[in-house]
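Report on one structure; see the data block that follows.
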Amino acid sequence: MDELIRVGVLGARGRMGAQVRAAVEAADGLALVAEVDEDDPRSALVDARAQVVVDFTHPDVVMDNLRYCVEQGLHCVVGTSGFDTARLDTLAGWLADRPGVGVLVAPNFALGAVLSMRFAELAARFYPSVEIIELHHPNKADAPSGTAAHTARLVARARAEAGLGRSPDATTHDEDGARGALVSDVRVHSVRLSGLIAHQELLFGGEGETLTIRHDSLDRTSFMPGVLLAVREIVGRPGLTVGLENLLPL
Amino acid sequence: MDELIRVGVLGARGRMGAQVRAAVEAADGLALVAEVDEDDPRSALVDARAQVVVDFTHPDVVMDNLRYCVEQGLHCVVGTSGFDTARLDTLAGWLADRPGVGVLVAPNFALGAVLSMRFAELAARFYPSVEIIELHHPNKADAPSGTAAHTARLVARARAEAGLGRSPDATTHDEDGARGALVSDVRVHSVRLSGLIAHQELLFGGEGETLTIRHDSLDRTSFMPGVLLAVREIVGRPGLTVGLENLLPL
Amino acid sequence: MDELIRVGVLGARGRMGAQVRAAVEAADGLALVAEVDEDDPRSALVDARAQVVVDFTHPDVVMDNLRYCVEQGLHCVVGTSGFDTARLDTLAGWLADRPGVGVLVAPNFALGAVLSMRFAELAARFYPSVEIIELHHPNKADAPSGTAAHTARLVARARAEAGLGRSPDATTHDEDGARGALVSDVRVHSVRLSGLIAHQELLFGGEGETLTIRHDSLDRTSFMPGVLLAVREIVGRPGLTVGLENLLPL
Amino acid sequence: MDELIRVGVLGARGRMGAQVRAAVEAADGLALVAEVDEDDPRSALVDARAQVVVDFTHPDVVMDNLRYCVEQGLHCVVGTSGFDTARLDTLAGWLADRPGVGVLVAPNFALGAVLSMRFAELAARFYPSVEIIELHHPNKADAPSGTAAHTARLVARARAEAGLGRSPDATTHDEDGARGALVSDVRVHSVRLSGLIAHQELLFGGEGETLTIRHDSLDRTSFMPGVLLAVREIVGRPGLTVGLENLLPL
């Protein structure tokens, strides 16, 4: 038992938190030792001697949670959204004072999303054309999705490094906006459809050929392999890590 | 030989015209008797005793061509673009004076495009959500494509008849226009990518399921079965017909 | 309240039965009046004055259930599998003695599956090539799926009526069976993959174009609109009906 | 002009050879100096002082061509099929005697095919399930395609290195072979359809998600960027190189 990684969950009664609890309990080498939600004291994490804390809570409380955990020397795996550069800088400052502690912040824990982004960076250098289509259930408030926007920026950077300009486009008439959004000069299209869950297509095109990378998330469980991987890796990775891709041997 | 349908081609040296000539020559039951392009006299059609004329020319000249052909009693199959309600009314007026003559005007002669539209009308009544993605080579000037816009209108009419309102959509943030164009209240997305030719996806979604109808045109030859069908049918179909779907037993 | 259709559920505690109960309770115009599972007396259906009985049970008991229901004058909607011609004949015999009673037996209640089959029949007449790919979770025991095999037979019949022979195929080397199964001369491919649920692609191909009809079932709830439609329609449709497609205005 | 790479083409009048000639002529930094087909003397390559020879000929003559070129000190880029281990060993032997000469043999020059293979190797380690679908025009003689079989072997090797066993599969009934071919324990499905050209889908699946990598070759021109890249690189890469992926910075 000594060798098990002791895991606490913040936001334990939320939908993602419930998945995390079940996944940790079923995983080899991990022990679920604390379940904390909004009405519970965070000290329960320390009392239970948690080593790693998984936070799927809310943008309004995540920074407080992280300050507490870092101060207490708890490693963190964070899936809560809402991290901008300012927040990441603040977090990095706290970690500078606690050099042994590791925190991972990731916008998407699905392996397929992470692999898609990595493949997108690799493919982007070779194709004159690229567009992104993301497709989600109709209850989503934002368009485009954070993952699509992030992917567009990665693609744009890779294209710039390869000396590629804008994708060719002879469109002269598009009164109604059918050509979608430009994110870092990459076209992104957002579909909202009943029956869908979370899907993304990256389309690359060149002379006589196209390459399509499609990721389909059909269930919240798809995030769990990434969360478990992160829990296992973060104990040996001090400082701030942004993006699950940094933990994968790609 | 008496039973062959005698076919003339207008725009015979254009890219589509060349395909039509080859297709007519290879087809059973048809004889290619006249090839007319911009520098040739249209009277060559009459001299050669053509029965059906296929017109893939240009919006600027097609109405002149059609007036001549109708006056001369020649049936017409028209793939030239640029027909609005006013032009169709004018054409119908000419045909009223020549009751034996038939003209077909069609925006798309690919069987798959026609079948897609028909299936879209049928499916539209059953699904709360629908969106259209059309994907073309990057040299296309217009977005969305004429076929996508036409399909959106067909879908909207079918939904209205079935008492369906707008597709559900909780989007509150879309500053950059990722959600695409609204055509008759149907979202249409236009992708432009090197390597592509002409493609369209119709996405229908409901409780726990989606239905996708995808048409890929990889070659101009895909229009020829529809053109040949039209040539054979129009000799027995006087008056104005708009859309190849009217000639298919669907 | 008098106008509500009174619905009983057989197999009420099974996974599909639970969905049916929830769907009936949430539906306008229907009242859930009896829930019967294997340990309950079927007479509860009569006691509750059910008008329509929905049966998602097991091939071993469904015929007994249907004999009882037909004798009692209860209309039935049946999603249980295992119906062959002999069973359908037996059922038709029982119904001949009770001319006012209607029974629907359907292999698939998803609207998209029914629409796919209908579209397949329509498209099959126009394309020289057709193949079917069905994709399911890896716990499925049978290959190909019943829906794929049924679709292949519908396609084959439509092709025969249109005078089409086999799809063109120059394959001379296929030692390992990569070309899949032949069902009524139509190639069917079965994919089994973690993460998938139930999906089917119908591929039609001709000169320079392809038409693809894809159905994705992501959730058991996708069957409910079809079940509810059947419940509402079967009260006015005496005799035996096989296949939900007969109730849709296609 | 001195800095141009001087290129000769073997099989210059074949369909691929014609594409290569046009691509070399249009490319910066390359000069087309010799065009040799079956009735021409190979010495024309030497006479024209070619530095790199591109060979798209036939399995029956390619080894003779290569022996000649290597002896003459000409670098080679080879797209002709039919290379097995024995042939590659023979070729490596010839090159051992001419240490300055480089030869690239590649089964597929499309960038998307090469990227697909590389991505497949990377993704294979992370997913319990994988299957391959390759789709081609109906005139293809072999099933599965060489590229699909090669990809299956790469995937199998990557899975073995990651300690993964067979993909999960509960199939107990598959009398007709719908589950396709097993190539190195990876299921491969071959579709043959009019209207298609050359396409491949790699499907990876895990808990609640799937990742699909699709490559569509719509035109023979899709091979040209890979051929030109190879011509430029092979002059600085002595010895035998198998597979275009070795020249890409992946």
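Letters A, B, C and D mark the chains as written, and numbering starts fresh at 1 in each.
What we mean here is this: contacts are C-beta pairs under 8 Å (C-beta built on N, C-alpha and C of every residue); 3 or more make two chains touch, one makes a residue touch a chain.
Computed from a predicted structure; not experimentally measured.
A.B. asks: In the chain contact graph, what is the shortest path length, in steps, from subunit B to subunit C?
C.D. replies: Shortest path length, in steps: 1.
A.B. asks: Count the residue numbers both subunit B and subunit D use at their shared interface, divide by all numbers used there, and answer same if that is over half, different if under half.
C.D. replies: Same: most residue numbers at the subunit B-subunit D interface appear in both copies.
A.B. asks: Starting from the Cα centroid of subunit C, hunt down the chain whose centroid lies farthest away.
C.D. replies: Between subunit C and every other chain, the largest centroid distance is to D.
A.B. asks: Rounded to the nearest 5 degrees, what is the angle of the rotation that puts subunit A onto subunit C, matching CA atoms?
C.D. replies: It is a rotation of 180 degrees, to the nearest 5.
A.B. asks: Rounded to the nearest whole Å, what is the centre-to-centre distance of subunit B and subunit D, using the mean of the C-alpha atoms as each centre?
C.D. replies: Whole-Å distance between the two chain centres: 39.
A.B. asks: Which integer distance in Å separates the CA centroid of subunit A from that of subunit B?
C.D. replies: Their C-alpha centroids are separated by 45 Å.
A.B. asks: If you average the CA atoms of subunit A and of subunit D, how far apart do the two points sit, in angstrom?
C.D. replies: Those two chain centres are 35 Å apart.
A.B. asks: Mark out which residues of subunit D touch at least two other chains, giving numbers and ranges.
C.D. replies: 127, 195-196, 204, 206-210, 216, 218, 222
A.B. asks: What residues of subunit C sit close enough to touch subunit A in their complex?
C.D. replies: Against subunit A, the touching part of subunit C is residues 195-197, 216, 218, 222.
A.B. asks: For subunit A, which residues count as touching subunit B in their complex?
C.D. replies: Checking each residue of subunit A against subunit B gives 127-131, 133, 135, 138-144, 148, 167-174, 176-183, 187-196, 203-210.
A.B. asks: Inside the complex, what are the residues of subunit B that reach subunit C?
C.D. replies: Touch residues, subunit B against subunit C: 110-112, 115-116, 118-119, 122-123, 125-127, 204, 206-225, 248, 250.
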